[in-house]
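Next up, some structures in structure tokens.
Paired with chain B in one complex and with chain C in the other, chain A is shared by the two complexes that follow.
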Partner chain A sequence: MSVNETVKFGRSKGFFETFDRRPGPIKKNMHYCPGCGHGILHKLIAEALIDLGMRDKMIVISPVGCAVFAYYYFDCGGISVPHGRAPAVATGMIRANPDSFVISYQGDGDLGAIGLNNFLQAANRGENMTVCFVNNGIYGMTSGQMAPTTLVGQKTATSPYGRSATNEGYPLKVAEMVAALESPIYVERVALTSTKNIRAARTALRKGLTYMREKRGFSLIEFLAACPVNLKKNASEADDWIENNMIPYFPLGRFKDVASDRSPIERPEPVFDKEKVVEALFPADSGLDWRKKEAKLRKELRIKCAGFGGQGVLSLGLMIAEMGQSRDINVSWLPSYGPEMRGGTANCSVVLSNNEIGSPIVKETNLLITMNQPSMDKFLPDLLPKGLLLYDRTNIERPDTDRRTYSVEAGRIAIELGNPKCANSAIMGAFAACLRGIEQVNYEEAFEEAIRKTFAKKANLVNLNIEAFRKGKESVKIENVN
Partner chain B sequence: MSGATEEKFRVEIISDECKGCLRCVNACPREVIVPTDQVNMMGVVYVEYADEGCIGCGACFYACPEPGAITVYEKKK
Partner chain C sequence: MSISMVKESMSFNTRKLLLKGNEASVYGALLAGCECFFGYPITPASEIANTSAEFFPKLNRTFLQAESEIAAINMVFGASAAGHRALTASSGLGISLKQEGVSYIATCELPAVIIDVMRGGPGLGNIGPEQSDYNQVVKGGGHGSYKCVVLAPNSPQEMCDFTFKAFDLADKYRTPVYVLTDGVVGQMLESVSLPDPIGKKPLPEWALAGTAETRRNMITSIYLDYDDLESVNLKLQAKYAEIMRNEQRYEAYMVDDAELIMVGYGIISRLIRSAVDTLRSEGRKVGMLRPKSLFPFPVDALRRLVGNADSFLCVEMSNGQMIDDVRLAIECSKPVRLLNRMGGNVPSLEEITGKCGEILK
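And now, the complex of A and B:
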């Protein structure tokens, strides 16, 4: 450039000066094939980032697809995410950083197939983001398979005789679908083909980004773009193909623009302060001063609670988990919901551990608590050789097993106290006694705290359950010690 | 293509950044971007500016998928 001229159109500052993140010797070019529509759109985005002053607060999120390496190029925040998950990650970003801007840059296979649910839910929530949807009617990165937007009759690697509407259905009209939702504010379909269409695309993109800057909500811009390599055409033929075949089915135009009717969206303020998060999760009036008490378990306990639906086995498991949580032990509680709940055995898995818990599913059991005969028959084979069995002998026969076995007449205790529903607290009392034997630590206080918390909204049941708990603890009977 | 007066606009094409897709050639309303018979370092037959006739519309710049292969300059008045 000589001193007496200026750049009218040139490389945007929205791109890195050199693409140092890109491996290999080529640092000025992008990795796209010759004639690819991605490059055209990248330039429009880079230019808009600078012109609209959004670069410093922009995060471009690109999931799997040819554009997964978008972070090589844009001089702004960038994340690559798993296939189809860009709108979900974008939601997290925008909720945690409400003053940032997020572009979700997705292809048709990504957005229309694997990520359709993530995308539609984000659109329906009206997240403040701009989705750039690049629709080329084919899977480009994996070399030309049929995509959700492949046209009827179009030949691809996986539809060698052409897409058939009777077998594969019709191409997905994403823009029309999103425009039908209430939340999105701006939906437009454009094409990256002729100069006129590229100009319209540039205007649409800037409109979407401007709305995002004003926090108006969700906008979708669908770009019909050429994939010359996989269409087996040159760039000019690919553009003609888009104009003659895609546009008649995917008409260009603005499907929705209601931004002027909407006020800027407001979301709950994000909270990052640890103390405030703890306070939100464990309010001071919950009666749990858990931060001061810590307990170390001698080993991870994998517990199965099982019984008849309605006996309170799920809340038994929940109270045990509450107890662990109140002592800063890692816990998981996983109920088994299923058809067996309707009048059969119900069960839940509880894990208490000092380490992070890998799987919340308990198969090989350290501690088995059974409250009826069918669940005893079902789960006793899973009890480890050094495991411990605790059962309600009111209604279960003494099992023929060499495991360490304890029993308690939980059902009878509950009936004597006048409420059969507190049998679970009684058996928990017996469990507390067993745990004391295993751990050499008395968790009785923590269990009672857990009962108080569980029944916090049913004050009249607190004392009943605590009494059942104490009676259960006192009347536990050793059946077998191996 | 007046030719009589000095050109107001000028296109510069960095040949090593050209991938030879010919989008700019198709987009140029004045047909002043033309293919060459030369091969660049990427092994691509690149295009060049015909040295005169640019009207500064930017069609080639927006049609080109590469960030910096094409630059359009305007002479200061």
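And now, the complex of A and C:
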């Protein structure tokens, strides 16, 4: 080309001038076959990136399929992703950086088969992205297998006798399906066949991209496209085939356009200010200076709390742990978790120690608190010879044991106070009284602090639980002094 | 007292919270500047999603409950490709589903952090604690010759600290980093001192940041040319060799004169420590080597112990997966025995001390 020659119809600046990323000697042409719809759509996208001023902020996501190498061509951000996952990757990108734009470029296998859920879910979240769905009714890259959009009767490598409605079902109508969802703003099906259809496709693409630029949400444009090689036709035969066979089943048109009803999606700037981060992560009431209230236990307490699910045994364990924490005692708490919690018995292990805690799992216990009969039957054999047993006399028969044993009518106290849920605070009161017998330090104030902290968000329950705690403490009964 | 003095007395580092291991990992992530959490609930890791759902929005960061584990890891892939710190968490079967995505992330050389709170397997298994994801996490797990850095916390404090550290390692080596633990450590609650938060990091130059400067960045893992793909593989292997040299982490306890060295990670290491204390009080010469990193495995530390120790005992909650790495590390120069439980059972202290007694007899 001489310097004086002017280029009237040059390559769009949305493309690289030469395709240097493409391996091998050919750097000027795309790898697509003659007559392939991808080449046409690539051109429409490249031109739109420039005309709409979106190139710098755009990332085109390459699917698995023939367009996996889209990043050879577009002069914008490019990434190739696992089969079917483009909408999930796109979601991650635009949530992390809401100012970028993402085209999820997908074929019929990628979008309609392996990735249908990821696609539909992104559509249903209304992610601010444009999905360019290339529907050619066949698998191109793996050479001619059946697609979810292959027509009934159409022969492919994996439907050699023709797609059967009773074996594979009817072809998937993606645009219609997405238009039925509430979140997406714009859904249109176009065809990359005649000049007229390509012009309509160009308009539809630009509409979707413009909505994305305005951050209005999710757009799907379905492009009926030719795959002449796998249809075993030449380019114009393939276009005729689309118009005569595909369009009657996949009608062209706009299925949804509600962008004008939707406000732009706003996502506030993430907070990194150190003081604000600290403020968010620490509850406002955790300002107690525990260092001034250190306490030494005479020995490590390995406690098991057990009862019915719903009796508050897990919270009981947590309050005991809070108590220890407030006195700079090392604590661990481990719940029984999952289905075990639902409906059946619940238990938790609590360890209080002035030394580093080894196992948080309490098997052999030196302090057993039981709130129902099955728990008593299950855990009493694990109580060590010098261990201490505390149980709720309301629900449990006096056990036949030579261990040091205390009881309290925690359930009755709670009912008398008008709320059976505070039985755990009542038994904790009894526990505090027991501790007074085996420890030199008086922990009652610490227990009340723990109750106040636990119910900090439910102020009306603080006094109730304090009262239950005090009643439990006062009415503990020594059953067996060992 | 002036306001500044009040602030001083409440300095971040001196304050402790009682947190579950799962909760602590979210604190670690947020303090490390993690911007996005994508995940799908699964017991016993669900509190990671729950806690993220509570705290990420408070800081205008992204919490999104994905439609599947597969979606979650690919969302992490996208956020990481955009240059932002991102986290996902799961367990057992959920990790199996993520493996394809992890392989892509590793090959694309992107940072990412994945927390695996192991449950009982195989199949649907149960929600009890196990360590049977070792092979699928430590050995790569997905297709292709890649590995991930794997850190193994044994307490809520370490769940916080190791998750915090995981983001640095992921950025430094541009590779996925796992925080691998078990249901007990995930579910247990202990006191945690929190690290200072870090500020916003500059976007890495390779990011798809949606700017004119980064416009020509490209991230891919497809290389049709065999030599090109071999080069990518060689580059990855060189990186793993560097990680092997630099990042071996372990805790050695009473190993100097030990005749028997127990090896275990996660909750098991705490039981082993108690067993060592018990046996030492009886005059038995036992010690513990606890890997804090599983890849890289603390090979150098184990080799140094071969001279004094007569034998090794691996304690695991699996069919014996880590034991292969112990045998390889010491090149089978000493007997390596296995004590294991499965199905959600945790070996008891008595089982461990009993086994040691048998070996030392």
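The rule is short, and it goes like this: the second predicted complex is superposed on the first by the 257 of 482 C-alpha atoms of A that agree within 3 Å, B and C clash if a C-alpha of one lies under 4 Å from a C-alpha of the other, contacts with A are read in each partner's own complex, and residues count from 1 in each chain.
We take it that contacts are C-beta pairs under 8 Å (C-beta built on N, C-alpha and C of every residue); 3 or more make two chains touch, one makes a residue touch a chain.
Only a predicted model underlies this, so the values are computations on that prediction, with no experimental measurement involved.
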Which superposed partner A:A123 touches (first chain B, second chain C, both, neither): neither
A:A426 touches, of chain B and chain C: first, second, both or neither? neither
First (chain B), second (chain C), both or neither touched by A:T91: second
First, second, both or neither for A:A191, with chain B first and chain C second: neither
Comparison of chain B and chain C by chain A residues contacted: C
Touched partner set for A:V331, first chain B, second chain C, both or neither: second
Which of chain B and chain C A:P228 touches, first, second, both or neither: first
First, second, both or neither for A:A414, with chain B first and chain C second: neither
Contact footprint of chain A on chain C as seen in their complex: 9-10, 12, 14-18, 27, 30-31, 33, 35-36, 38, 43-44, 55, 58-62, 64, 66-68, 70-72, 74-84, 86, 100-101, 104, 108, 127, 183-184, 187-191, 194, 196-197, 199-200, 208-212, 214-222, 224-225, 228, 267, 270-271, 273-274, 277, 346, 348-349
List of chain B residues in touch with chain A within their complex: 9-10, 12, 14, 16-17, 19-23, 26-27, 29, 42, 44, 56-59, 61-76
Residues of chain A that touch chain C when the two form their complex: 21, 23, 55-59, 62, 68-69, 71, 75-82, 85, 88-97, 99-101, 117-118, 121, 267-272, 274, 276-278, 280-282, 286-287, 289-291, 318, 321-322, 325, 330-335, 337-339, 357-361, 363
Interface residues, chain A side, partner chain B - complex: 1, 4-12, 15, 26, 28-30, 32-40, 42-44, 46, 73, 194-195, 198-199, 202, 228, 234-236, 239
